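Okay, so chain A shows up in both of these, paired with chain B first and chain C after.
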Partner chain A sequence: MTHAGSAPQRRPLWSKLRFWHLCVGAIVLFALCFFGLPLLWLFLAASHTDSSLFTAAPFSWGTWRNVAQSWSNLTQYEGTHLWTWAFNSLIYSVFGVGLSLIAALPAGYILATENFPGRRIILLATLVAMITPNAAIVLPIFLEMHLIGLNNTRVSLILATGFFPFGVYLAFIYFATALPKEILNSARVDGANAWQVFYRVALPLAKPAIALIAFFSFVANWSNYFLAFVLLTDDKLHNLPVGLTSLISGARALSFSAATGIPIRRPEAILAAILIVLPVLVIFLFSQRFIREGQLAGGDKG
Partner chain B sequence: MREPLREIDKLADQRRARAARLMNRRKTKTAYLFLLPYLALLVMFGVFPVCYAIGLSFFDTISGAFAGLSNYHLALDDFRLGQSLLNVGTYVFMWVSLMVVGVVVLASIIDVMPRWLGTTVRTVYFLPGAVTSAAIVVLWLFILDPQVSPFSFVFSLVGWENRFQVIDSIGLAGVFTLMAFFAYAGGWIVVMHGALTALPGEVMEAARIDGCRPVGLAWRIKIPMIWRTVALMAVLSLANGLQLFVEPQLLGLAGPQLARNDWSLNQLAYQYAFALGDFGVSAALSTMILMLSVSIALWIVLATKFYRID
Partner chain C sequence: MSMVRLENVGKSFGSVEVLRDINLEIEAGELVVFVGPSGSGKSTLLRIIAGLEEATSGQVSIEGRDVTFAEPSERGIAMVFQSYALYPHMDVYSNMAFNLQLSRFSKAEIRTRVEEAARILQLDDLLERSPAQLSGGQRQRVAIGRAIVRHPKVFLFDEPLSNLDAALRVQMRLEIDRLHRELEATMVYVTHDQVEAMTLADRIVALDGGMVQQVGRPLDLYHRPANRFVAEFVGSPRMNVLDRSVWGAVGNMPGETAFVGVRPEHLQVATGSNVTADNAASLVAQTRAVERLGNISYGYFETGQGHQLVAQIIGNTDLKSGDPVVLSSRFADMHLFAADGRTIMRRELTTPVELN
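And now, the complex of A and B:
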C-alpha cells in the first residue's frame, strides 16, 4: 500500500487509509502488472516446449532441458546463421558506438568552447537532426546508398549509425556546463596547442559524457531494425533483430497455420526475443540515471 | 608633436587588427578540423540524403526523365494514403493521450511513495524499455494470444478466445498504442520523476501547511510546474509516432491474415521503393513525411526554449 509523505501520527496504520489510497494502490498494482508481468513471463516461457506452453500454468517454470533443446534448434537449424548475426550485431554496435564517439566528442567540445562563424547553424542542424525521428531518414539513406552502390555492405550501416547528433548535443552540454574554462586556459598558458588541450585535458575529464553517449548509442545500435532491414538484404549481413525475425517469419513459428516441419517454433521465438533483449536489459538495470541525465540534457527520441 | 604619435597609434591598431584577424582565421580553421568527422557524417547521412530524396521526387526514376510534380500527384492520389493517414493519426492521438495521462499519473504516485518503494516500482516500469523494435512485436504477439498470454485471465473474462479476436477487438491502432506505451513510458516516467523531485521543497511545504492534500498538491501545484517537460514529451512522442514502421510491418509474423504492408505512411513509402521499384514516388512520400518531422523539430528548437543553442 502506498502512503502520502505526511507527518507520522500515533494512530494505527489502517485509520490513516483513505479511499484515494485504495485508488492509488490499485493504479500502481495495475501498472506493475502491465509493465512487469510480460518480461517475467518471457523469461519463464523460454523453459517450455511448444505444447507445454499451452498446457502448463502461465507463470510456471518448465525445465532447463527445454531451454537447451530450443537453443540447439535455434543454433543448429540449417536456415539460421545465429552466430553470424550475433557477430554482426556486435560489430555494428561496437563500430557504431566507436564512430559516434570519435565524431561527437571533438565536435561537442569545439562547439562548447570556441566561437567561430557557422557555429550556430551547425548547432541548429544538429538539434533538428536529433529531434527528427530516425525512421524519417531511413528511406532517403537507402536511396543514397543505392546511388553510390554501398547498400548491402556492413560499412553503410556502421557509417549511418555513426552519425549520432544526440551524442554531439550531449557532449556539447557537458563541455559547456561541467568543464571549467580556467582549466583550459591554464593549459593554453602552459603552451598546449588546441589538440593537446582537448586530448590531454578535456577528454580525461569527460568520462561521464563518454559513458552517457556510449550508452545511448549502444542501445540505439543493438536494437536497430528499420535501417538494418532496409540497407542489408543479404541474410549473412543481418543483425540479430533482422535475422531472427526473418527466421521466425519464414518458419511461421507464431502463426496458426503451423506444421512447416522446421524446428523453429514458439519456444525458439521466445528464446530469440530474449537474445535480442538481454544485453540492453542488463545495461538498463544499471543505467536509470543515464536516462534521466540524458533526457534532462535535452531529450532522447525514444 | 602629437601628429606623428597618432600616426604610430593608427599603424599599431591596424597591425593589431590584422593579427587578430589572422588569429581568428586560425581558430576557425582549428574548429573545423575538430568538426570534420562529424560534419562529414552530417552531410552524408543528414543533408545529402534529404536533398537527394527531394531531388529524386521530381524525377520519373524508371525512365529517368524530369517529371515535375507527377510523383506527388501519384502519391497523393493513392487510395491507400488516406487510410494510412487515418491509421497513423488514430494511433498517434491514442498514444500521445495515453503517454500524457499515464506517465504523469504514474510519476506523481512514485513521487509520494517511500523512497525505497518508489525506486523499485520505477525500475519495474523502466525495464520494458529494453524490449525494442523486433522483440517487442514477438513478445506482444504472445501477450495478445489468449492461449498462452500472461494475461489470459483478462481475456477469458471478456470472452476473447483467439489472437484474431483480441486484435480485432482492440484495433490495430490500440495494439500499437499498448506496445509503444509498454516500451517507452518507463523512460519518460524516470525523467518526469526527476523533474518532480527537482521542484523546490519550500513550495511543497507551504502548500502542505495550507492544508493541501497529496492529490490536490499534485494536480494544483506539481503538475503545473512540470508542464514544460510534459509538453516536450507529447511533442516528441507525436513526432516519433508519425514514423511508425516496424510494428505494423512485423505483424505478419503472426500469419498472413494479420500481415499489413500499407498500414502506416512509412510502410507505404517502403512499398513503393521495394515492391514496385518506383523510387520517385517513394522519394515523394518520404519527402512529405520528412518535411512534417523536420517542421516539428524546427518549431521545437526555434519557438520553444527546451534546447540551448548558445
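And now, the complex of A and C:
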C-alpha cells in the first residue's frame, strides 16, 4: 500500500444526502398537508360543539364533555341503529374477507403454477374485472340478486363482495414471483398430492400475501357504500357507511340551513367518520406485521 | 433387471427439441452421472426420471414398472435440488419428516428414521433449527437427509453442489460418495462439472445437444472418447484439438482424419532443438502465458498460424511469455477425429487404460 499524498478525500455527507433528503422532505410535507393534518383535525374536531367548531382556534382541543355529548346524541337518537350497523359492517367484512380469501388464493395459485387452456384469458379477465369501477357493475348485480330473490338480504352483499379480482391478482403475482417453484416440486417429489402441496406448503408460505389480500378486502368491504346502498333497503341491514350517511343527510347535519331539531350536527358526523376509520387503522397496524415478515428466507440457496 | 430404464425418450418444448432418442439402463446400486454443458438436456432428463417433466415420446421404467406418466410421488424416487428447496416454514426435523408424515408412518418410526439420517449427516444438533438459520452446506445436508429418510429406490441429484464454495464442494462430494457406498443406493447425479463426474461416477453419461454422446466408466471417457465433444469436455485443461494439417504428416494417419487431439499432459515442451523423440510429431510455437500452481504448471502457446495449445509441465518451469518452444507428442497419444467429430479408432492407441 502506498500513501501518496493524503488520505483519500471523503466527500462530505451533506453532498450525498441533500437531494435524497429534499425528496423525502417533500413527500412527507405533501402527506402531512393532505393526509396527516385532516386526520389530526378530524380527531380534534370531535371534541367541539357545533358552534365552537367555528369559533375556537384551529387544531385546538375542546372538552371531553363535548365528545360524550356528541356520542350520546349519536347513539341515543331513535333513528340511529349504530350497534346494528356496526354489527352488520363486521358481518359483511368478515364474511367478505373470508369468501374472497377462499376464492382468491387457490385461483391465484393455479394461475401461477399450472399451464392450462384458457389461463391467459382468465388472467386478462381478472385484470379487466380489477380495473372496472365498482359503480359500473352495481346495477347488474342488483338485477342479478333480484332475479334469484336475494335482494335486501345480508347474503346478497356478502356474495357480491366475495369475488375480489384484485385479491386474485395479488395472489397470482405472489405465487408466480415470490414462491420458488422448486419448493413446490420438492413437495411433489416428497409425495404430496396437488392439494397437499397447496395447503401444506404454498399456503403457509403465502402469509404476507394472505395478510395483504385480507387487508385490502377488509378495507373495500368495510367502507363499501354504493353496493350496500343499492342492495339493502331495510335500514336494519345497513352497514355503517350507509346507515350513518343516511342519518347525517337526513338530519342535514352538514348544511348551513337551520337545524332540523334532530340532534345530529357536525360533531356527530365527525364522530361517525372516526367510527368508520378507526377499525381500519387498527387492522392495518395488526396485519402489516405479517406483510413485512420474511416468510421465505432459508428455503433456497439465499 | 435394471433399476431405471429409458427407452427412446424424447422431449420437446413447443418446437424446440431438447432431448432425442435417449436409451439408457441404470443398474441397481450404480451411481450414474449425467454430464454436459448447459443446454445439453441433462437436467431435463433427470426431471423426466423424477416425473417433474413428462417425456414427449418414449418410455421410462423404474424397477421394471412403466412410470412414464406416473406422478413423482408414485415413483419411489427422492430428489435433491440445486437450490435445496427446503420448506422454509418448517424446522429441520419437519423438513425431513414431511414425506414420512404424508406416507402415514407412525410417529415412532418417523423419529427413528429422521434421527438415523441426522446421525449419518451430522445434523443431530440442528433438528430444531429453521432452514434460515443454517449455512449453505448444512442446508444441502438437510436436503440430502430429506431424501435418505424415505429409503427411495433411486436418488436423483440435480447439480447439488453448485451453490457451495470450492472447499465445501470437495467435502460434500466425498460425503455423497460415502453415502453411495454406505446406502448401496442407486443414484443419478447431474452436473456440468466434469471433475465431479470423474470422481463420483461409476458410469458417466455425456450429453450434448439433447443426445447421448457416450456412456462409460470415467476413465473410458477420458482415454477413449467416442467423439470430439467428449474428448474436449472431459479433462481439464481441455484437450488440444487442431486441424490435422497443423501437425503435418505424422505416423500412419488414416485418410479420413480431419482433426487431431492431444491432451495437455501428452505435450512435451522443449525450448531448444533437442526434440525428436521416436515416433513424435512436433510443431513450433510461442509461449503466451504460464500458470504456476506449484506442483504443476500450465503453459499456453500459440503457433504461427494462431492455433492455441495448452501443455502441462510437471513441477516448475522457467518458461516465460514470448519464449519460442517446440511442442511434441507421441503419435500413439494422439486422438484422431473424422470431419463429423467421430473418433477414428486405431490399433496403435497405447494409452494405458485403467479398467477398474
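What we mean here is this: the second predicted complex is superposed on the first by the 244 of 302 C-alpha atoms of A that agree within 3 Å, B and C clash if a C-alpha of one lies under 4 Å from a C-alpha of the other, contacts with A are read in each partner's own complex, and residues count from 1 in each chain.
Everything below uses one rule, namely that a residue touches a chain if its C-beta (ideal position, glycine included) is under 8 Å from a C-beta of that chain, and two chains touch if they have at least 3 such contacts.
Keep in mind it's a predicted model, so treat the numbers as computed, not measured.
In the overlay built on the shared chain, the residue A:Pro180 is in contact with chain C alone; chain B does not reach it. Touch criterion not met for A:Phe87: it reaches neither chain B nor chain C. In the superposed three-chain model, the partner touching more residues of chain A is B, compared with the other of chain B and chain C.
Shared-chain residue A:Val230: touches chain B; no touch with chain C.
By the touch criterion defined above, A:Leu205 reaches chain C but does not reach chain B.
Common to the chain B and chain C interfaces on chain A are residues 295-296, 298-302. Contact residues of chain B toward chain A in the complex are 24, 27-28, 30-32, 34-35, 37-39, 41-42, 44-50, 52-53, 56, 105-106, 109, 112-114, 117, 121-135, 137-143, 147-152, 182, 184-188, 190-191, 194-195, 213-215, 232, 236, 239-240, 242-246, 250, 252-256, 266, 269-270, 273, 279, 282-283, 286, 289-290, 293-294, 296-298, 300-301, 306-310.
On the chain C side of its complex with chain A, the touching residues are 50-52, 71-73, 77-79, 81-89, 98-99, 102-103, 130-134, 136, 139, 146, 150, 163. Every residue of chain A that touches chain C in the complex is listed here, in rising order: 180, 182-183, 185-193, 196, 200-201, 204-205, 294-302.
Chain A makes touch with chain B in their complex at residues 2-6, 20, 24, 27-28, 31-42, 45, 53-54, 58-59, 99, 102-104, 106-107, 109-111, 114, 116-120, 122-144, 146-147, 159-160, 162-163, 165, 168-169, 173, 176, 194, 198, 219, 223-226, 230, 241-242, 244-245, 248-249, 252-257, 266, 269-270, 272-273, 276-277, 280-281, 283-285, 288, 291-292, 295-296, 298-302.
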